[in-house]
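Next, two complexes with chain A in common: one pairs it with chain B, the other with chain C.
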Partner chain A sequence: MYVLNTWYVTAWSHEVTTTPVKRMVCEIPLVLYRNVSGQVRILEDRCPHRGYPLSAGVTHDDTIECGYHGFTFDGAGTCTRVPAQSTIPERAVVRSFPVVEKDGWIWVWTGDKSLADESQIPDTHYMNDPAWAANTHSYLFECRADLIHDNLLDLTHESFIHTSTVGDDYIYKHGITVEVEGTVVSADRLMPNVAPPPLYAKTMGLDGLFDRFHCTEFHVPNYHILHSGITGAGRPREEGYLIKVLNGITPITANTSWYYYCFARNFAIDDVQATADLQEGLATVLDEDADALRLQEIGLSTRPSNVHDVLIAQDAGVAKARRIMKQLLDAEAQFRDAAVTATSH
Partner chain B sequence: MWMLERGTSFSGQVETHQLAACPDTHGRGDRWKWSVAAVVGDVQSWFPLGADRSSYTCEVLDIDVAQRCSLAVAFDPAFVSIEVRIAEKNEQLEVLRIGGSEVVVIPLFGEALVVAPNGVWKRWLTSGDTFVIEGEDDETLFVTPSPELTRVIVIQISPMTEQALRWVP
Partner chain C sequence: MSELNPPKSFIVKIASTGQEVVVEESRTILDSLERADIYPDNSCRDGICGTCETRVIAGTPDHRDMLLSDEEQAAGKTILLCVSRSHSPVLELDL
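Entry: the complex of A and B
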């Protein structure tokens, strides 16, 4: 089950051209392409004629032509041409999806079109703000999206998984504070008077003790922004070396997910070597997470359904987020059931 | 460690809902110990998920008669004990939380400031918000209702048998 009435990151802007791109989001096959005006179009990746993937076809102006028999559809999914006859069958329609392109990400709305509200897309300006330098990655994670959410909300794993990069053994010794407002869960950890993590210390050129902090802000069901950094002992966070990590988590299937990642920093922004070092170091971090969560997914696949996670106090954010996710899923299921009932009467 | 969940004011409650509980979520394999809820209608009709009827106590802490909304705490006396304090306008409460116990702060109406004595953190709470603080070490916090009409409920929950209560759990 997936929350569908939401925006999911589905590609980087640079990935989408006039050549069709294939994606799957929440088990919905999608084809993305850019029309001659530069607008991104997203349609269901299945020609209604015989089910052939439209992503294997070609685009012309605002349309996409099926590579099998030439059925052609515009950006709204309306069939505009059937080469073998002049009549267009009534059911020759492809589902189209609301799209927003913003700051380098392409967001798709997978649910009820009438509910698509662009203002719900979070602030991602750090990705292209000249005051910030950005490193980006995208990864295919072999695990359910929920495991990535848990991973980001409980950063004590850094002490064990990421020892060479962002991990230090002091992380789990510091408690968290959790704030919940609507569908946003924030888990904050302040670590006073500690050494900077190895990866950042090198980039920042720092030595000594500082106040380190990280706050995961999870916009349930699909986006996290991590407010992280280090600052002088007892000094306000705003004065410090700041990092914003943007994480777009998009379910593909029940046990695979896309992870769209941007690490933006407000220091050494013109330092090419720092950017290169971070690119490599952050890839290591993501590799470590991907590997750990793949193993966790395997572990969970054989766990009996009546056995549950043993959550601890550090998992407070995880527990709250899971409850909100369940509420969203339940609300959509209720709405669907009501719609089915109304249709059947 | 503390957790703050922003909520709907008591005057805006339309249905019963849980404000805080241990375990936080029913059906996850943990034994139920306590729940605090805003109960709309008859309190007797409220029975927390996971509670055991053979070992169960429910106390009504306050009632908004106009809205028929009650603040109630239910707990298993075999596992926890409850102490309730009420702060009203301009009346600061000093709350000593013994390590292993939990404190739940809920403004029934009005606003209140919760502050750590060392000033590391402070948060304004409004009606419907729930603030839970827990941890293995002793700590003191101050709850200060605003000068306007305010009533704040402070619930201290202590373990009877375990070394410590944790929030999840």
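Entry: the complex of A and C
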């Protein structure tokens, strides 16, 4: 089950051109392309004629032509041409999806079109702001999206999985403060008077002791921004070396997910070597997470359904977020059931 | 969070059997149930994870957990057995 009435990150801007791109989001096959005026179009990736993937076809102006028999559809999914006959069958329609392109990410709305509200897309300006330097990655994770959410809300795993980059035993020794506002869960950890993480200490050109902090802000169901960094002992966070990590988590299937990642820093922003070193170091972090969550997915695949996680106090954010996720899923299920009941009478 | 009242003793009634378990002022509901050989699922025992969340059939819970939202606490339909207590002398639970 997926929350569908939301925007999911589905590609980087640079990936989408006039050549069709194939993606899957929440088990919905999608084709993405850019029309001649530069707008991104997203349609269901299946020709209504005989089910051939439209992504195997070609685009002309605003339209996409099926590679099998030439059925042609505009960006709204309306069939404009059936080469082998002069009339267009009524059912020759492809589902189209609302799209927003912003700061380098392309978001798709997978739910009820009438509910699509662009203002719900989070603030991602850090990816596209000269005051910040950005490193980006995208990864296919072989696990359910929920495991990535848990991973980001519980950063004590850094002490064990990311020992060479961002980990340290002091992380799990400090507790978190959890807050909820609407469907946003924040889990904040302050680690006073500690060494900076190995991955950034070099880029920051620092040694000595600082206040380190990280706050995971999970916009349930699919986006996290981590506000992290270090600052002088007892100093305000805003004065410090700041990092914003943007994480677009998009379910593909029940046990695969896309991870769209941007690491933005407000220090050493013109330092090309620092950017190169971080690119490699952050890939190590993501490789370590991808590997751990793949193993966790395997572990869960043989766990009986009546056995549940043994959550601890550090999982307070995880527990809150799961609750909100369940509420969103239940609300959509109720809405669907009501719609089914209404149409059957 | 509202000011906590000093803990008082109350009775938990088990809906499935009618059994009544006294929760003394020094013990939690969960501890008291376990002493009566009733073992609900639980995990953090700290009002955080929600594993021991149980439906309230009658009575008014005195919520002391950190998981339920203010609205959920006010509705009083469920309770976390590991930390929360009862405002009413008897709390009937779906156990």
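The working rule: the second predicted complex is superposed on the first by the 345 of 345 C-alpha atoms of A that agree within 3 Å, B and C clash if a C-alpha of one lies under 4 Å from a C-alpha of the other, contacts with A are read in each partner's own complex, and residues count from 1 in each chain.
The rule we apply is simple: contacts are C-beta pairs under 8 Å (C-beta built on N, C-alpha and C of every residue); 3 or more make two chains touch, one makes a residue touch a chain.
Note that the structure is a prediction, hence the values are computed from the model and not measured.
Superposition of the two structures on chain A leads chain B and chain C into a clash. Residue contacts after overlaying the shared chain place A:50 against neither chain B nor chain C. Shared-chain residue A:311: touches chain B and chain C both.
Which of chain B and chain C touches more residues of chain A is settled by the count: it is B. Of the two partner chains, chain B is the only one touched by A:177; chain C is not. When the shared chain is aligned, chain B and chain C each come close enough to touch A:320. The contact surfaces that chain B and chain C form on chain A in the two complexes overlap at residues 178, 180, 308-313, 315-316, 319-320, 323.
Every residue of chain A that touches chain B in the complex is listed here, in rising order: 175-182, 190, 306-313, 315-316, 318-320, 322-323.
Of all residues in chain B, those touching chain A in their complex are 1-6, 24-25, 28-30, 120-121, 134-135, 166-168.
Chain contact summary for the complex, chain A toward chain C: residues 178, 180, 308-313, 315-316, 319-320, 323.
If you check the complex, the residues on chain C that touch chain A are 41, 43-44, 46, 48-51, 66-67, 69.
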